[in-house]
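By letter and in written order, the chains are A, B, C and D; residue numbering begins at 1 in each of them.
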Amino acid sequence: MDYLYSLYIEFLNKFNLPFHLGDFIAMVSFPLLPFCIVAAALIVIVIFLVLMERKVLAFFTQRKGPNRVGPWGLFQTISDAIKLLCKENITPTGAEKFMFNLAPLLAFVPVMVVWGLIPFSSEFDFMSYSVSALLFVTIASIPILGILLAGYASNNKYSLIGSVRAVAQAISYELPLIFVLLSVVVLSSSLNLKQIVLAQISAYPICGWFIFPAFLGFLIVFICSIAELNRCPFDLPEAESELVSGYNTEYSGMKFAFFFLAEYAMMFIMCAFIATLFLGGFLSPFGFYLSEKLISNEFWSNVFVYFEQVFWIFLKTFFLIYCMMLVRATLPRLKTHQLTGFAWKVLLPLSFLNLLIVCLIKGVA
Amino acid sequence: MTNQESTRMKINIGPQHPSTHGVLRLVLELDGEIIKSCEPIIGYLHRGMEKMAENRTYLQYLPTVDRIDYLGGFFNAYAFCDAVESLAQIEVSERTQYIRVLTMEMNRLSSHLLWLGTFMLDMGATSPLFYTFRDREEILSLFEELTGQRMMYNYYTFGGLRHDVTNVWLEKITDFIKKMPRKIQDYENIITDNPIFVTRTENIGIISKHAALQYSITGPNLRASGIEVDYRKQNPYLVYNELDFDIPSAENGDSFDRYTLRIAEMYECLKIISQCVAWLIENPGEVVSSVKQPLLKVPEGEFISNVEAPRGVCSCYVKSDGTGTPYRAKWRTGSYYAVQILPKLLENSFYPDLMAIFGSLDVILPEVDR
Amino acid sequence: MNFDIFENIGEAANTFSKIQIDSNELVEALSYLKNNAEFSLDRLNTIIAVDLNDKFELIYDLHSVETGKVARISVLVDRNSPHISSVVNVFKSANFDECEIYDMFGIVFDKNPDLKRLLMPSSWIGYPLRKDYVQSDERLAWNGGDND
Amino acid sequence: MKALRYIIALIVGHFTVFKHIFKRPVTLEYPEKRNELNEKFRGEHALTSDENGKLKCTACGTCQRVCPSFATIKIEKEKGEDGKFYPKNYSIDMNKCIFCGNCVQYCPFDAIIMTKNYELADEKKSSLTLDINTLKKNYSDTIINKTKDNRWR
């Protein structure tokens, strides 16, 4: 990022504005650039993800999935979004106006922030702090507040039960996640996501990845992220047939769309996070980058390496999303006390075990 | 109201609810997550089947009989035909009996498939629903080819059938039977040992032997509680005594046992169907009945016919007064008593268990309200 | 009540014969048949009510689980004071049957804890399955009323 | 032990679901592609006529007697010049018909059949009472095997 930053300052200085105004503008306006990239990427990916989920679930059950709106149903999600836009935003009478409208924002905005943290390639990591992994986990748990607020503010007993269950579930599945993150930090001895990825580089193609020493951790994080997103085996608060539809019962129109998009964006980011932690983020599985081999011209091969890195992390993320959808198609729902019991009694001890294994491996290797 | 009383929340699982298999209304009293009391309110689908019988001739009443349990149309039709045939001493040829057994067993298979699909949907697994409906679709299109309608067959007549079965149709059944065991094995792979499914259904909604008899539970729900009673074996009707099949049973009568029992029953249906088809291909025979149906006059008398329907014993009482219209028809169906035992099963059970218990009882509302 | 009329009770399911007994011996007879090890008719399949124009007839269809034998006990109830003792404490399954018969015929079962209309709406007037039932209730939609 | 059996069952279960993506979808895109029905299908009625175009129906009323829902079929009898009766007006009320096929089965003269047309939805209720010429037209349609043009498409 700093190379691009210096280019940007050079460009601004050409206008030789009085007393360093150029540097000030650069310092202020430079972060806007990645934010626009992230926002555009977020919208496009989420629209594609919603359609992908419906198509993949259809293929699992020998159906065709949406194919009426546009070729192979590509504009289906756009038409859904437009439909939600035209729907009337109802605020129930008994609801707290301000908090009722704040909840969807509280659920959606943190997801935009978290997108910036993930290192999409060695050059394009928009916000790289020395503690970006920790920052990721903290910001990723703010949407849970949004859900609690939604349930509480919409003055409806079904959504109250739903939101209370969602919060209990999210909290109990946050702990194993953090302990496994600890084990990854032990392996890579750094909290910065980019360092974690660079620590997974090794001569042989794949065996540098952290999935092999901490395979148990990978499974735990996968289960915890499914629970965090309230997805299928853990979608008790939201889609239970008795609870109507949990915390977003009262929401309609654009506010419901916010919740809906937040869930899918969060799914993409969770999978990207797991990919960076365990599957060697933007490293290519063959140990070398294809573009170095294919493109002879020196300058162009360097540029294409960055795009190839982005391609690899997207490939790994979509593979994980595909697995989540397979899990959603197969497993029935868990019961309430089974849900939290599973986290405390099974996942937490397992994450301690995983930490122990990782420390042993780190000590020996 | 005592303080303990005031913390209770009355939830109304209303007639229009995604998972109540029709229009059953349950008024539940919840104390937090525990169901304290449950009162089923039925009658939303009451069409007055018994009153309709009193102003229609026997032939006119026959098509409406398929609608009593629209997932087991052949069973109700056979119960009514058997009652009238016994009263009027009408003989039925052996080929008709074999075709009746064949169509009934296929109907039992399609009814169990629909139960499995909707039961898994209540539990949250979406894909088994589409697999079971895909297989059920094949059975329904076979029925459409034979009788002309997918669910309201009107195929039996008093003393015979409307038309004979063609060998082309029988070939289609044989290759349907060849594929089916693999499909059922698919369902078992997804569901039977699945830890979430097992922990959610084991020792939930237990019907003890004594309670089953007290509440007159019959069919798969009774056999799951360890009492091996199947009217096809105990007092065989039609040609069931010539077919060899065995009766699956289980011990402790919880939701999981009812599930495994119905899956085993599906395999039994396939065995019976293959034997019937084999017999039908070899010996052709006369099927259309010689009785003039529109002018049928049933001599004085009354009779109760019992048939082993997918949801329990379906018995039909017909009292005739010598004229062309029945004097009184009374239907006894299986789900009626399953709904009656529901409050007893839901006492002090968890709220999410409601779907596991209710789904495993395989209740269909047209049978309850008639 | 002498139980010798029940010696050769119980026949195959595909035949029909019924034993007429007096209405006030009903509960005693049913519990005798249920608990007696020899008959063990321990499942009440259903209760059938028939309107014989001048009186009602109730047929209790008893099934035995082990032997597969069945027995039908029939009882007569006169029309203008249709009262009979309830068998709920002998067979719990009789509760729904008795509520439905009360709903359809108006026969009151004494000592049945919650006798209420089961299939018809609770505000319904008249007993539909009686032979002399005429749908003259002006509140019905097809009689011009607006059903609430 | 038990946990191991569960893990294996999970893996087998997921593989069974995954296996289905290689199979052809079974769904049918309804308005464009239709399910082919066999000849015994019980759809909309039609009055048959013999070679020289005269209705086979002699207005005997058997279909009225065997129909489970009362007053579905209304027939007005008239004496033809050759002494035999023929229906001046024959109407079937599609709202009350339950498509049981009793009329077709017990008609002594095979005067009425059920075509394969099941798209009977219409704007007003009155158009659901098929009068004699629609029934005749239905029969001629089925002969030249043209299904009814479905207006809503």
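The criterion applied here is as follows: contacts are C-beta pairs under 8 Å (C-beta built on N, C-alpha and C of every residue); 3 or more make two chains touch, one makes a residue touch a chain.
None of the values given here were measured: they were computed from a predicted structure.
*Asks:* Which pair, A-D or B-D, has more C-beta contacts?
*Replies:* Between B-D and A-D, contacts are more numerous in B-D.
*Asks:* Chain A to chain D: how many Å between their CA centres?
*Replies:* Computed from C-alpha means, the inter-chain centre distance equals 53 Å.
*Asks:* So, what's the distance in Å between the C-alpha centres of chain D and chain C?
*Replies:* That gives a centre separation of 42 Å.
*Asks:* Could you grab the centroid distance between chain B and chain D? Build each centroid from C-alpha atoms only and quote it in angstrom.
*Replies:* Each chain's C-alpha centroid was found; their separation is 27 Å.
*Asks:* Starting from the mean Cα coordinates of chain A and chain C, work out the distance between those two points in Å.
*Replies:* 65
*Asks:* Counting only residues that touch at least 2 other chains, which ones in chain D make the list?
*Replies:* As it turns out, chain D has residues touching two or more other chains at 10, 13, 17, 20, 26.
*Asks:* Where in chain A do residues touch two or more of the other chains?
*Replies:* In chain A, 60-63, 329-331 touch at least two other chains.
*Asks:* Once you've mapped the touching chain pairs, tell me: line, ring, star, complete or other?
*Replies:* Graph shape, chains as nodes and touching pairs as edges: none of the named types, so other.
*Asks:* Can you list the residues on chain A that touch chain D in the complex?
*Replies:* 58-64, 326-327, 329-331
*Asks:* Using the touch definition up top, name the residues of chain B that touch chain C in the complex.
*Replies:* For this pair, the touching residues of chain B are 42-43, 46, 48, 50-51, 54, 86, 213-216, 218, 227, 229, 231, 234-235, 237, 301-306, 313, 315, 317, 319, 327-328, 330, 332, 336-337, 339-340, 369-370.
*Asks:* Report the residues of chain D in contact with chain A in the complex, numbered from low to high.
*Replies:* Its residues touching chain A are 10, 13-14, 17-18, 20-21, 23-27, 29.
*Asks:* Flag every residue of chain A that touches chain B in the complex, lowest number first.
*Replies:* 57, 60-63, 157, 232-233, 235-236, 239-242, 328-338
*Asks:* Given the complex with chain A, which residues does chain B contribute to the contact?
*Replies:* Contact set of chain B toward chain A: 9, 11, 13, 17-19, 33, 120, 122-127, 129-131, 134, 190, 194, 196-197, 199-200, 350-355.
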